[in-house]
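Next come the structures, one after another.
Here chain A shows up in two complexes: once beside chain B, once beside chain C.
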Partner chain A sequence: MTDISPEMWAKVPAAEKVTPVAPPAPTYGQEVRRRLWANKPAVVSIVFIILLVIAAFFGPYLSPHTYYKQDLKLANIPPFFETYAVTDGAGETTRFFLNASNFNLYEVDAEGNMLGLLRGGRKDMIKKSQPYEFGDQTLTLDYSKLPVRLLLEDGSEVRPSGWSWNKTYLFGTDQLGRDILVRQLYGAQISLTVAFVATLVNFFIGVFYGGIAGYMGGKVDAVMMRFVEIISTIPLTLYVVLLMVVFDSGLLSIIVAIGSVFWVDMARIVRGQILSLKSQDYVAAARTMGASPARILTRHLLPNSIGPIIVTLTMLIPSAIFIESFMSFIGLGVTPPLASWGSLTSEAVETLRAYPHQLFFPAAAISLTMFAFNFLGDGLRDALDPRVGR
Partner chain B sequence: MTQPLLQLRDLHKHFRLPAAPFAPKPVLRAVDGVDLDLMKGETLGLVGESGCGKSTLARTVIRLHEPTSGSIVFDGQEVGKAPEGLLGNFRRRVQMIFQDPYASLNPRMSVGDLIAEPLEIAGVGTAAERRKKVTGLLDRVGLPSDSAQRFAHEFSGGQRQRIGIARAIALEPDLVICDEPISALDVSVQAQVVNMLEDLQADLGLTYLFITHDLSMVRHISDRIGVMYLGKIVELASSADLYHRPSHPYTRALLSAIPVPDPEAGRAAEPMQGEIPSPIDIPSGCRFRTRCPLATELCARQEPQLTDIGGGHLAACHFAGELAQQANGVRAPLQERVQ
Partner chain C sequence: MFTYILNRLGMMLVTLWAIVTLTFFLMHAVPGGPFVSERMLAPEIAAALNAKYGLNLPIWEQYLNYLGRILTFDLGPSFKYPGVSINSMIAAGLPVTLQTGLLAVICVVALGVPLGVIAALNRNRWPDTTVMFIATLGVAIPSYVIATVSIYVFALRLGWVPTFGLDDWRGYFLPVFALSGFWISFVSRLTRSSLLETLEQDFMTTARAKGLRKGQILFKHGLRNSLLPVVTVLGPVVANLITGSFVIEQIFALPGIGRQFVLSITNRDYTAIMGITIFYAAILMVMILIVDLLYVWLDPRIKLTKAAA
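Presenting the complex of A and B:
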């Protein structure tokens, strides 16, 4: 045990008046951030969304391809393939892969870069075969029965030497030979733009409309909300389709269509919030000070309903993305050659059996983005709720 | 006699309740004919059971509710029917302190913004001047000046009520309506807040309409006390007089219900029977007769008016005179109890 000298036990001289220092309480914002950070799916979603936005708006500049340039010779290339290697008499090796769905051979290099379409000899329409010459070697592509086989002159089958990712077209190409990755990034641009703009429109109309209905109450509220109910009884998709028919199809009209219909949810939420908040004493206090209705609405009621508003917004984004995709899917969306995720899927569905990769990537993009926004919305709802975790 | 600061004449506030379509809507008569004069600088306590209409009266006076009928005259001006747009001066000179210090402060505003809000609405000073004023007000209600950046939820109930008080006195009003300002607070904090209210009254020359159901606190703070029952004032007297000569059976019952910190004291002499009747269906004649130990056939027929039984002591009971007489002798033990 350490010795404590007696003088250390002496009383500390009465200090000057000590003011107790309370640690600064975390602000509401810090609390929200902490709770959001603790929600892993929401954090992953935020990262995903940020990456998606960056990729959508800067990605296309990094790519050598454009969304509209067609190369029919390199159509329907998959994102990965099994490579064959053939050595001719001069010792030169040709690498290529076989597109089993259109019976073409494409030359690639060892890394998987596309070099081009291999020209074969005359097709034998009766025996369903086509010869390919590599120096002194001749391979015969036999498509008389599936699966397609590559035969040497002695009739033995050539086996693939390995498989490789497609380095030129990372996601492959579509039926017009356009790079799917770039088209998908452009599609993301369009889908995200539609989603954000439509959501912003929803935000302003919904908050304004719901705020007024909730604050005025009584007959005004009754009439305004019946109007909302009329709009919401019409199936929204049907309504959007009709609007798209009246307008021309195109990016702007999608935004107008989605923005002019989807605000009803927001109006309902805001109205409900305002209705429950306006009987709070702090609103009464503001009224006794002579605050104008506009001031009460903007300074007191809306700031206190910001949580549900943000959550509704993040939940509206995926449904706007989905509606846009759906519109494009049924052909009412963006005009070709512009791509959106919906038009990419609808094009891909036609060749689903032969080239499933064309559907996989845009479908995955839609699903993941919707997941991300939904998780983020859930996370924000939990994080913004002051009753949780205090 | 000088003109009262606030004058209520036959003030009514009725609420129409929702009913089935085409059925007559029942009317809830929360405030049912109140006459009251409030002198400058005095504190008028208003007591009564829950649901007797005292909070509604407060909210009607400050025009949170539109009065159904009757007049509210503030400093010689009729404000009961004035449209909201013409109430500017009234809004500035009359402020309110609310019962619940948790609900009456906007959780999204910093304390500085909360206190500055009345100044901002009234257009007083520049932002910098308002900030300075807020610091002064915080100091005045005994809160550290760095509170301005904080939010209401970081404070205790008593501190929040101080914020509410700072907000109410920010514009240096003439009349402050205190709607049960201490009933949500801890007993230990109640006294601090009440003392602060008294200090502020002395410093700023405030007039208080002090609503409470705490009979011991109201005696301490009030110059005069009004007793409300079912939307009406049934007795109004100076604070000492009311406790000394309670002249309405309801007042007597209320006073006898004050708990006594003495286990030997026994039960209250006149326990009140039953519940307060519904303000939708007010009894005929005297509205207290259903629970009154003295009720006679006269009480059912005729509603007693608020009459002076001597020395400015008003009571609305047919037997007020007798009760007052009686109180001088018999009520002595009761007075001891309330002290």
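Presenting the complex of A and C:
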């Protein structure tokens, strides 16, 4: 027989006696969070948006370049290039790359930092060639037929030694020699500012306008909704265009336009929600207990329609960003030298044939941001839907 | 039905009046008149010009004059191009804009709906994932990016289509594609989710149990019921396609109204801006009204008079 020590017979403290039958049911908030975390694209989107915000507002301070500084000698530099190396008689090696679209040679170091434009000798316009001297070596740039070739004195062609990233201008430069990366970060700032304004008006005007219209009902509702109808008949682009005549700055008019009329969709959604919610029992209970309409609206009705509100918001933010970039694209948005994703894209179109990289980066930036907001919106919609899961 | 249309038309007039008033006073809030330029005009000439265009009158009188002209469908003369009326500017640009816009609407319906149906019928299999992947791309990529990239690929690299203009029938491909890309994606997503919801309804089971043919089940019971949300968005789709043409006409150098409009803004041609704005608004409202009527025709359960109340 095993001997049982006396303390094992002691009473178990009350707290330990409770054997949980089931874990506590997760609250709605916890459930939503769990479902959102399980949605990988949505999580990636959140991370992307956070990184974008950080990069947009702190990135420009880390860069040695500014968005307005021009350097025409270093215009249209690609983000990566094939380097050539030439060793002269004294044993000194010069590394450079050839910009095949403007026939210039740029000196770089072994890591890929830009050192500057190489000055060549007189261009021979008839033979379409230009000599470059490296110590006692002379290289001839022959652009009489494409692709451009670099020839040694004996007529043999110099071969590139390999691809290298541009360490000075990570995204290359535009046609005025401005750093594309920094310009793009400023563009991100503008897009995010527009998104922020859109969020603010949707939250403060749209939600309350729709809430009041829905809760009051009757004549008030009819008048308020007529007003919304009038506003929403004119597309936002037209407002922006009209305001453009009043304010000279395109960016300001976009922000004012979004600030003044961008809440109508939200107002409609909220009104619909409130209309269906206000006949619920808990609203009647609150009213019986003497709660004021303001309290019922802010404490009972709006929190219960938070799902559709957030989903609409994540759908409206990208459309605000869209509008800004559209307007900037057709030249009605930001004023130069400030850059926005739209204006960067439209500038890149001019040099599309020679330098497609200038189009690639801003186009990718806006598309990725749109992806992120769309995935986040889809994820939130699924996560907030009380019918799914559980 | 008749009173409903009458009601709606009345609403439209009120809205148009609001737009006219808004644009009129916005334009007049702008510092500097239409004849202020770097080239100083002699005061007599300026006064004569102002008198000719009625700009010397008090502002309320100008407003009433403008309203009166609008009522007779006269949008007035252009301030920048002497002798050109806004009506003729619109008449010149309208065919181009309507052609590309209508082609785009046809593309949206003819491609978006079938793609959505294919995706819904093959739920979670490869056709579904492919269509939804493309649709997500289409929703996320702005039309100007689609336009420029497709110019680069199809016009510059492959040389299949011209880079700009509509002289050639092939010139329509890229503008229509760029214009409708977003909405094809949008409509196919909408059709898919709506059809999936309809497929789970009881009447679908009944139809299957009755032993109806597959095609009949899908088209008569499934599709007809799930197309309603699609028709609802068609009004805004038309509106967006028409205003979306700003960008597309600019990129492809099409001589449509959108391009005209953008030009008149950069030129500060006030009457043109006002006139085209009003014209746009009127067209959009008519389109939305037509879509609403179409909606009733598709779904007899909806009563217009109730919807209006």
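Quick note on the criterion: the second predicted complex is superposed on the first by the 364 of 390 C-alpha atoms of A that agree within 3 Å, B and C clash if a C-alpha of one lies under 4 Å from a C-alpha of the other, contacts with A are read in each partner's own complex, and residues count from 1 in each chain.
Please note the rule applied: a residue touches a chain if its C-beta (ideal position, glycine included) is under 8 Å from a C-beta of that chain, and two chains touch if they have at least 3 such contacts.
Model, not experiment: these values are computed from the prediction.
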Checklist entry - For A:212, is the partner it touches chain B (first), chain C (second), both, or none of the two (neither)? => result neither
Checklist entry - Does the superposition put A:287 against chain B (first), chain C (second), both, or neither? => result first
Item to check | chain B versus chain C as contact partner of A:296, first or second or both or neither | outcome: neither
Checklist entry - Should A:242 be classified as contacting the first partner (chain B), the second (chain C), both, or neither? => result second
Next on the checklist: Quick check for you: in the superposed arrangement, does A:322 touch first (chain B), second (chain C), both or neither?
Outcome noted: second
Next on the checklist: Let me test your reading of the model: by the given contact rule, A:363 touches which partner, first (chain B), second (chain C), both or neither?
Outcome noted: second
Next on the checklist: Going by the contact rule set out at the top, does A:228 touch chain B (first), chain C (second), both, or neither?
Outcome noted: neither
Checklist entry - With both structures placed on chain A, which of the two partners, chain B or chain C, ends up touching more residues of chain A? => result C
Next on the checklist: Quick check on the output: what are the common chain A residues between the chain B footprint and the chain C footprint?
Outcome noted: none
Item to check | Residue numbers on chain C that touch chain A, as the complex places them | outcome: 11, 14-15, 18-19, 22-23, 26-27, 29-30, 136, 139-142, 144-145, 148-149, 151-152, 156, 239-240, 243, 246-247, 250-251, 261-262, 265-266, 268, 270, 273, 277, 280-281, 284-285, 288
Checklist entry - Which part of chain A faces chain C closely enough to touch in the complex? => result 226, 229-230, 233-235, 237-238, 241-246, 318, 322, 325-326, 329-332, 342, 345-346, 348-349, 352-353, 356, 359, 363, 366-367, 370-371, 374
Checklist entry - Quick one: in the complex, what on chain B touches chain A? => result 59, 62-64, 84, 87-88, 91-92, 94-96, 98-100, 103-109, 117-118, 121-122, 150-151, 153-154, 164, 167
Checklist entry - Where on chain A does chain B make contact in their complex? => result 25, 27-28, 280-282, 284-291, 295, 299-300, 303-304, 306, 386
